[in-house]
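Sharing a structure below in structure tokens format, with a few things to ask.
When the chains are written out, they are named A, B, C and D in that same order, and each has its own residue count from 1.
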């Protein structure tokens, strides 16, 4: 599936004159508020969020899954899809692999996948290991199971298998050119009394230490917390406090990863971000949105103002720029076309970033120093209410991408083409 | 305190040329999406939300209260403040009284207050009764207490006093020109087993019936639900389902009032609004925002997208216009200057209304008919991301109010003037 | 798999002398509080909760599933397992089928299954239809999908298929001797704007009406609400208020079913139960427990006091007895042996029932009439803190079941026997 | 008000024969499960929880307060009430003062109060400072206000006043014989953008450091987290992770205090307890119960099973005994008689402790090592379902207290006596 960039350009041409008029006005409005509109565009253009390999297929719940047509049949096709996505957004320049769902194999397999991705301009972001499912193909010993946990399990065999799996994922990542490992564990309890909180924590900490011994010096490792699901009484790495203890206890290059859906009701997530940044342990992000739990909905589709505040804290941590971190979109595309959902997610991220950049942080700091919350709110909302779509479109245009990615995606007929090529019944691996 | 309209006009002049340029572009952008920008302005200009009499004073929590300067010393001064608010926003044309905090007395007192308000162009919205505090001044019998509830109390005296108080509030409202009574009850339980759920419900239903007998034919009566606080195990009117049963069981002109902070975590409030509108029982709104519970924060300051969706449901119910209902702002101004908080709340409401009006509902319905959630999201976000501030400012301008109400409020020096007149230590009645 | 009742009796003999001493003391303690201990035993012995056919297999989450050994390979074996369960508890006398997971087919198939169950003393409780998954085997037309809903879908074909499926389930139920249909719908939205709240509601109401037309006169039909999952922005039947509107709008024999895990955080479920009972629409119960969402954990394992209060409301509704309703256990047995989990669930239910029966309701009513919450709490906790295990064991013994069901289950070696017979890799249908 | 111990003894005599029979059976049941019943009694008898000085008055909410009769008029009378409480429970041997609500003054005042308490057998537990209200009497400079925070305030004067107030409270505590300072701060934000998360944290950390410099070497200092209220967008010390960072950043003798009502919905509090104990920073407890937020309801009245699990974690941390920590009851007695509420709270704590001690921890550890959650649940529930009331009563009896404290409190007529002495309209200071 070759991406026809001339078609994208054609679509842009249709929209160009409106874009230029809208852009001129947006620059005016933003400059007037004391913010450099050009700098906003540049920073938005610089930003990129990885797409996970599993996200180009249809997602599901325990109650069912309704696949669409043309799902990628292997990891190569997944990279193809992400390259198409990036052609439209200019802001998804890497893929994040999940092993064993996407395992090209060491050596020739990894080399071929890396070559394929490089040809399409796609790099490899953080590697994701999976010890929440039994994967017979990668486990010699069928008596080992993660049913009662992986690193937290009282069973030595399960713990060893989990460490070994992570070691393999690191090795694969090295061959692919990745620079980080994300460890999300499903370990926990469904039943009070099932295990010792402290025992589980200590076993996980020890296991992370063993894994960390395999992490190359120029890599980072991320611990990702989640309060519940699939463990429904407690999770071992349940909140940012625990995640921080695990990271601090494991090593200097271990940081915490924040998934926007992994929080108890009413959590002030932007404060969590600020805390982790403050102690120098903010390592990565999984972007999505949610109303109830880990709903994995489209980024910015439920609480866009919260997203704006979170991005604001990131800019705070980065001194006005998005700090270096492993940014990834992590949604479950149950109803929307997966690529369309990723397009909307990336757009929402860029919009939130532009809005946050449009906040005059000098004015905000002044209001804060004066204990003047009404003025602070005016400054904040001035950024949020700005129509930044022209700035975002311009950032995309400069990256050679689409002014309007979703409309362009539909216009170029990508889904129909891949459905023809891959079939209507192909099903991508993943959740 | 006379409002100097020429000062407001002066401030508008400073901003006029920018406003005109911004407005022209906004009209362009909105018209281009198939929505009539002029109609948006007209509908925003038509909208008004009452200010409650208790909201012009500083609010507090059980942990303390920090009054500011120049708080109104009586109901007349409260009306003065609301008239100033309305002069700036053009969208707070009524006051909602809370008795006995604001009780002018029947006869001459009520007549004088009504005259004062009319001179300032302020009308009287829904009356609010208070049976959640003991009010010795209005109760002859000191042995009667609402400690264990008012209408739900097993004690006959308490129930009778509560009905009687509501009757008085209605009578007062008739003299003031109000047309509705809002009944919010604190009744419930702090302790499992303290009372019978069913017994409490039936006593409340009976009490509402007695009150309704006093409600004039051209009035409406509203039942307002709240899940908890001050009752911390259960409230009698705890959710919209109960509120609906009470309204249906009491009479045709009894409707349900929705306070945005009176919901359990993660409640889909816009769906609640749709349900009540569907059964013809949506009667009123208390606007505020919250992150945790009944936080009574500035409208639109925490979840502006949810507010936009809620207003969208109201437009759905009203066939593209805000349906007739008792709209009120209900915040607790603990930190911000009360009038500034009300200005920001009203502005946020107008912004949300304008955004919701900017959604092309024909396009949305098309996407819905096609089971196309990605397109539906595009249509929805096109409205939400529009910079509607110029449209809102224009609506205010046409109402003779301020282009930028907060800046204008500060420029005209109202707070300093009332502090000089009323003193720095005046404390308004209320929570 | 024949159940050897003499082995159960043997196990009981081992425990008998302790049981008799404990029972004598429990009767003493309970009688002393003014409650008739014998009546408690009789009512506990009378109570039964259905086991769902899908619950005898291992459950899972979207993140994985870890089957154990000896899972039933077909519906006949599922009934075998439930008969074993009932032999131990004496309180699971019916099975609740889920179609198409368990579809014996009309005619000979249904007759054979019914005969098999009757031989084992098992009856058929409410039938469950499934329109939340596409089931190609039962749908002729592959173009029909429930991806965007079943009864709520804008697509006529999907709605027709859903009605038709329910009609089939009713027909099957009639042949099996069932007397009720439970309709749980996954219909809702994942994305704001995806559909009209009102449109979805009205289509569901219409669809329920069509289904109800097929419901025999001596049957009941249940609407089951759930706030979210698998729909993550909104569900059509999202709360008890909506469920009640649907039931009232459909017909007299339509009632609401309460699943203990289908509530927003902090919901007062016992109050929901009281409300539905009050309006005569409480039809059924799905028992389980949860800490976060629809966790489907062991009944009484997280919030046993809440369970006790809920059962108390049922007794209130039933005039001191459990009212007639479709009681079912609905758990997901992800970690525990499914039969062991069901044993513990049934035991927890019996314990809660006995505790609630041990509350002296006359004393409680006295305290309520006196506005004396401290005394009410004493009365309530006197029931809850009573060690009712001997009363429950006695109720089981009188039903010919086990004094200690879990220990007995392990002692008789049922799991090992069925694993030998069915194999270690058998996987039951279900979630 | 002298406590007549002979009256308590008299009441015990009435209940003695039943007690002895119940106790004998309870010892039997517990011993049979492999737990030493005598050791349970001894540990329950050893346990004590402080009563806060403000808790002997009626509590309230922002919506009102309904005082009862005979409230203590000063700190001396508060100590009298707590002595009475302790006479009944034998488990409230200390009082925890809140300054300035209860400020005897340095020197003679403190000495007199200490003498009075010692005569009644009451000691002084952790001191509580108050910087969430402006207290003109203790602040020379009226221009200083905590409206925008105390230690977190950008205003130097407010920060200095807060440090100074804490220094004073420590000094007072030294004179009274206390050994710890609890710092709960209301600092936070009501409005996004109002302050810098990081700036607020760093100012609080610096302020705690200044306070800690005044803390004597044999004292401890506690940081108490709370997610919200009175700050409704964010609190500075919002969760255990932040509390831990503050404690670790301040000094070795700074530990974290856990209030059971200070958690987001669905928080696994027992896990929080385990984490803090694991890192050696669990310093204190405020016991209460809640359904929604910081409801401050009677201990064990809503989630007694959770309380049992929390106490189980404490025993885990203490090697089978309650570890040394500052245990306090922290309720708001809005409806019940304050002393009756404290009696029920203490009883509920003792019951939970006895149940947790009745869990055979060797059996539990065995089940955990075997990944056998069903067996673990059996062991856990065996403890929880035991009727431990006779063991608790025996522990009280050995401490010279009442077998049935609430009934005894009513029988001896304490409330009537103090109402006669203090008047029906006395109002204790506090919330």
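Assume contacts are C-beta pairs under 8 Å (C-beta built on N, C-alpha and C of every residue); 3 or more make two chains touch, one makes a residue touch a chain.
Model, not experiment: these values are computed from the prediction.
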Partner chains that chain B and chain C have in common
A, D
For the interface formed by A-C, which of the candidate pairs A-B, B-C or B-D is equivalent, sharing more than half of the contact pairs by residue number?
B-D
Pick out whichever of the two, A-D or C-D, is joined by more C-beta pairs in contact.
A-D
Which integer distance in Å separates the CA centroid of chain C from that of chain D?
40
In angstrom, rounded to a whole number, how far apart do the mean CA points of chain A and chain D lie?
43
Residues of chain C touching 2+ other chains?
147-148, 190-192, 194, 227-228, 233, 265-266, 268, 291-292, 298, 301-302, 335-336, 373, 377
Which residues of chain B touch chain A in the complex?
18, 21-22, 25, 28-29, 32, 265-266, 268, 291-292, 298, 301-306, 335-337, 340-341, 344, 348, 351, 373-374, 377-378, 381, 384-389, 406
Residues of chain B defined as touching chain C within the complex
147-148, 153-155, 189-199, 201, 227-228, 233-234, 238-242, 244-245, 264-268, 270-271, 274-275, 277-279, 309, 313, 316, 364-365, 367-369, 371, 373, 376-377, 379-380
Interfacial residue positions of chain C with respect to chain A in the complex:
60-64, 66, 132-134, 145-148, 186, 190-192, 194, 227-230, 232-233, 265, 290-293, 295-298, 301-302, 334-336, 431
